[in-house]
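There are two complexes below, and they share chain A, which is joined by chain B in the first and by chain C in the second.
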Partner chain A sequence: MNRILAMLLLITLLLSAAPLASAQTELSLWYHGAGNPEERAVLLNVIEDFNASQSDWSVVIEEFPQESYNSSIVAAALSGDLPDIIDVDAPVMPGWAWSGYMAPLNLSEGALDGFLPGAVGVYNGEVYAVGLWDAVVAIYARRSVLEANDIRIPTLEEPWTGEEFDAVLETLQATGDFENAFDVGMAWKGEWYTYAFSPFLQSFGGDMIDRETYLTAEGVFNGEAGLAFGEWWQSLFERGLVPGTSQDPADRDTGFLDGKYALQWNGNWAARAAVEAFGDDALFLPAPDFGSGSTIGAASWQFGISSTSEHPEGANAFIEFAIQDEYLVDFSNFGGLAPATASAAAMSDLYHEGGPLEVFFGLSQAQALVRPVTPGYANLSLSFEKAVTDIADGADIQDTLDAAVDEIEQDIEDNGGYGFGDM
Partner chain B sequence: MLTAAEARKNAPLWVRLLLPKDAPLYQRNDALFGWLMAFPALLILTVFLVIPFLMAFVVSFTNQRLISPNPAEWMGLRNFERLLSVRAFTLEPERDDSGAIVYQDGGIVYPRLRNFTRKNPNYPELDGLREFTSWQSGDNRTVILVADVVFLRALINTLVFASVIAPLQGGLALLLALLLNQALPFINVFRAIYFAPVVVSMVVVSLLWRFIYDGNNGLLNNLLGILSFGSFQPVDWLGNPYTALPAIMAMSVWQAVGFHMVIWLAGLQTIPASLYEAASLDGAGGWQKFRFVTWPGLRNTAVLVLIVITIQAMGFFVQVDVMTRGGPLDATQSVVYQAVQRGYDKQDIAEGSAISVILFAIVFVISMTQRYLTRERR
Partner chain C sequence: MNAMSFETRHNLSIGLRYALLILIATIFIFPILFMVMSSLKPDLQMLRDSASLRAFLPVGDISLNNYAEAFERVPIVQFAFNSVFTTSVSVAASLLLNSMAAFSFAFLQWRGKAIVLSLIIATFIVPFEVIAIPMLLVANNLPWIGPEGIEIGWLNSYHVQIIPFIADSLGIFLFYQYFRDLPDELVEAARIDGASIWQIYARIVMPIAGPIVATVAILKFLVMWNAYIWPLMTIRSEELRPIMVGLQYFFQLNIAWGEIMAYLSMVTIPVLIFYLALQRAFIESIATSGIKG
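Moving on to the complex of A and B:
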């Protein structure tokens, strides 16, 4: 008995001593994707390759479920335990940079050439984070349905105009074949609302905030463009063209595939299911142009460096290693994500020329506009979400937009302008 | 009977060290022993309840943010003013050059309220206020302006929720308890069935009921359609401002009624059977037995059930978070939901704390009033 115990003790000692034997300095990396096996496997592979490729650094991953990731970072920052490498959702990055959680990247010249604009996280003129992929939103449609109703299939160069799009929805609704002509995804309450619907407002010529100063929203959100957007948005629900805010989440997930909805506003992550269900009949169409060009949201999860890291040069080395095309292709092939560079897209299974999701890469290059780059984004997004929800539910449009503007400006004032000037 | 020496011998070391040698443990040191026993619970309550609340109380007077490089400043009562300010304001009609009232589409035209409430130097007291409700008084319009429309809606919803839930859930639970307090075969099976929803997490229950309440093909709409032979028009239960809160109330009662049923049952079983026998001998009927034997015997249970339900109802949150997120049109906003949304999602921890402090004050007053009204009169 004692002998077995002694053996076990010896083995444990040997095992725990093993990492000490190598001269590599440990770098910690926090990752939000626990529970996403494909993405995780690719990241683990990148880390393994990096650790084997040089003898100075050894990256150690710690995983968190996405729901609690941001709060873990905030808690770690308050207690001074931030990891060296931070995984960050793009719109949150300015807040963390402003609060001093993150330091700018220091990559070699030209490392980010050819990256999609949405994949590079710039704040205050400096690059704080870089994404290995981007997410893209498109109108899901079926060629057979459009052709049967004599509807023009739009292209990147010539998307549907606002009026044309409205007529398309009316036509599809009038066929009686669908519960609703268009599913925008009201069941996905939360950040989806801002990510997916604010591009419509931008296409009308408005925005959530004045991006020149980032200090006011008056006239931008609640001006003529905002009002036009609000009227169109409300009419979608009044006319029954779109399922309302109480949409069943299951309908959101399968409604388009089941033929309940003729069109769907959805991201590239759902594209594989659509291709499997409809084959060549599946179409992914650009956002309509309501007058100021068609736009879609950009930027997904990215990697950055914490300001308290003792080894920023190691963290930079890891990020520079990870953004090689080879790994961008892996993330795309296994996770279905849009690769962050054109050269990686050309090598990927889904996004290469003629590939099933090729169109998404073009959409991202041509239409993507990042969400407002301000530390006040969290509040901005919630105010926008509340406004589009209330307008969809039938609230007075001007009053709702005015209230949203007041709320946004109050918050900016309370935070001393978020570093964009004195308030 | 244990002797003091034996008891000391069996007691753990730290007890032996703390107590005087020749003291009879169970006679002289009851109080000390009591504190020792309560110590772990008190410690946990202090660390996780009392200290956080005191911190929230302090933070509610500042402008502390969850994430910000700006230092927190003392703001006095600002947060409370922003939540609770109410003002009446009279809007005078728009007049043309001759001073006549301007009409349009058969109604009087008024200037836009926002001209007064947004950075108007002549009306500094109205700055940032919003319309809560308004009515016509002669040619003028009287407008009730509040600083925080959403919070006020949340407060009203929460009070309505609690005042409906407390009697409904308590009464229903008593009814179930009376039905199940009989010596029938398989009675424990029924008790288990009614208790089952309590064991299921509220998040899961809310998700399931979201499907039940679905506006198109939900279970409830289908059921009502079948029962009415197809004449029932489907209702979008959670999407309609008039049905959303009642729908959430019905679900909440269903979920929690089993818990209070068990408390009533426990109360019922403390009433001695001899009292019922005596009542029968005196010729009392079923209702008289309930009125004069059961109900007086349940007095303390009733006070407990009422207060517990009220406190739980004042804190309703999960249902809202999972099912409606406060919508449609603020019909289901709740105070705790707003506290979480502002303190956490909007990262304004000071305002979230202020809401918590207000809720604490309300619950405290309600509980004390209930205690007072249900006190034993001698």
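Moving on to the complex of A and C:
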């Protein structure tokens, strides 16, 4: 009898445990990094840990290649098939939020304390996305080259001024040792142009759009500061200080390492190759200050939740779980990216105090400025890219900037102000 | 003397002709040679070699590492299976359906035939990009019988990659053009002998349509093998993704050029095999009907 009772108890326990084991509600997560084994491995680890840490939610990942990820999201939005958790490139986020693809996050108070400004995606006063890392740009240089030419090594506190930077480029070009003094990366067409070059415009005091209203670019892009930026930019090409718009992508990838270029404007994702090639001789220097402060671009891929998610509380729980320091460190150690918090940077292999890439974290903290936070960013970026390309190729600067402003304003008008005001 | 000079001229003419043919062949072969040679080199060496003739030679640090790494980065076998499956089914179904449609236009009499044919030919001018989004919305609302009964929506499946591309206006047109040029006596004689329409199609017309079958098969194969935009829009799961979408896996922050070349080399092989297998019939089709692929 006892044996029968024990069996019944066991069966009852097993039956009651079975629903518990399968009680986790599935949350879909779409991720842009298919084909990126390091990043993928870390994310899979985060998901595994999250799924094991609680019994309510189970995250299921679908991976997409980065180049086509945005198209897949837009197609899914059209077909009403968005996932619960969305991976989003920061400048794209306002467009997706405005289009109704994304909902604001609802994280615990203080969850984002200590995050780099570029890692927090804020739109219309609400946090829509958060990144586990940031991408940072610096001037790549070699200490031996600068010292051989009596060039001061700039610091965060005292970056090169615009005039000083120009003189540095002239000096390096005059040595005859380099094909060009400075490689800005003209071979990397597309978003690189806006991400990397618009900070120069901002350092001159201009911008692509008036960030007070987000309704006009007049006088901001094509005003005095814009003109000064355009003249400097065009002169770089006229004086042969930088490679032209037809730069060979191969030269962009290897030119600095091969000694073809003295300096290079590049992101932290390429820093490990420079350290491997030059060791302690490799330097990563702050952006020059053209009068309105040194500025670099900020914000990379981040996680948000879709507006159609039936389980926003689960999606928020996953994101809050993923932004723990231990995972920020993992992403940095495996992928080489800058961790999103100082505490994670201190624990990381590359960005800790005295680490080979420590300087990048300081650059991000001190100089980062996110790209304009507007749903019209995609058009803004295209107009900027076209303008800097045309100016580099010798077009009339004022006419080019005016044309870019006209394009931007027409787009804002066509879209009713993108929600920033009545047009 | 005259005979000698004629022979010399003749030899010179042949020599020049061969030189020209070799030059043209070289122009076509060099990109493939560059691709294969680059697939054997590390990224930095490949980029450095790209500005010289070394780019076309197996020199330097040669290995199959890029192939091994490409296999690690991308589930190539799965993607290749998906592409072979969707392409094979599409080509077979397309040949059957389009040839039957063309047979109807060429040999059967029915009201409105000319208008329908004109409408089909008119769709040539509509690029796929224009109809992609409407197609997506339609596909998302179509019923399908799945393992759990009737389901709504075709997305994320093999059939969404196949069915929309079976009926093909170009295929119908090419078959129609070929059938129209066949002698009427052929069909009439079969009719007099009592053959049914199906028998005429299957036993009289299709057996002599080899060249056009090869042409339509090659064209359809290329379209399906290179499918990119539509799978991007409709396929969510890696398990169902075709091979061309896999190319995007290599475009990371630091682009893996060597692996891209290895992947492309592998992707190109089936296309070359398929083309070479049908080459004779394809050329015959071009020669006899003036069709340009």
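Criterion: the second predicted complex is superposed on the first by the 402 of 423 C-alpha atoms of A that agree within 3 Å, B and C clash if a C-alpha of one lies under 4 Å from a C-alpha of the other, contacts with A are read in each partner's own complex, and residues count from 1 in each chain.
FYI, a contact is a pair of C-beta atoms (placed from the backbone, for glycine too) under 8 Å apart; a residue touches a chain by one contact, two chains touch by 3 or more.
These numbers come from a predicted model, not from an experiment.
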Label the relationship between chain B and chain C on chain A in the superposed model as either fit or clash.
clash
If you stack the two complexes on chain A, which partner ends up touching A:A250: first (chain B), second (chain C), both, or neither?
both
Have a look at where A:L382 lands relative to chain B and chain C in the superposition and call it first, second, both or neither.
first
A:G80 in the overlay: touching chain B, chain C, both, or neither? Say first, second, both or neither.
second
Figure out whether A:Q410 sits in contact with chain B (first) or chain C (second), or with both, or with neither.
first
Could you say whether A:E191 touches chain B, chain C, both of them, or neither, answering first, second, both or neither?
neither
Is A:D49 touching anything from chain B or chain C once the two structures are fitted on A? First, second, both or neither.
neither
So, does A:D210 touch the first partner chain B, the second partner chain C, both, or neither?
neither
Chain B and chain C contact sites that coincide on chain A, given as residue numbers:
248-250
Under the touch definition given earlier, write down the residues of chain A that touch chain B in their complex.
74, 77, 95-96, 98-101, 179, 189, 244-246, 248-251, 378-379, 382, 389-390, 393-395, 399, 402-403, 406, 410-411, 414-416
Of all residues in chain A, those that touch chain C in their complex:
30, 33-37, 62-63, 65-68, 71-72, 75-76, 78-81, 248-250, 253-254, 257-258, 267, 269-270, 273
Which residues of chain B touch chain A in the complex?
63, 65-70, 114, 118, 128, 130-131, 149, 210-211, 213-216, 218, 236-239, 241, 324-325, 327-330, 341, 345-348
Which bits of chain C are touching chain A when the two form their complex?
43-44, 47-48, 50-51, 72-74, 133, 136-137, 140, 153, 155, 229, 232-234, 236-238, 245-246, 248-255
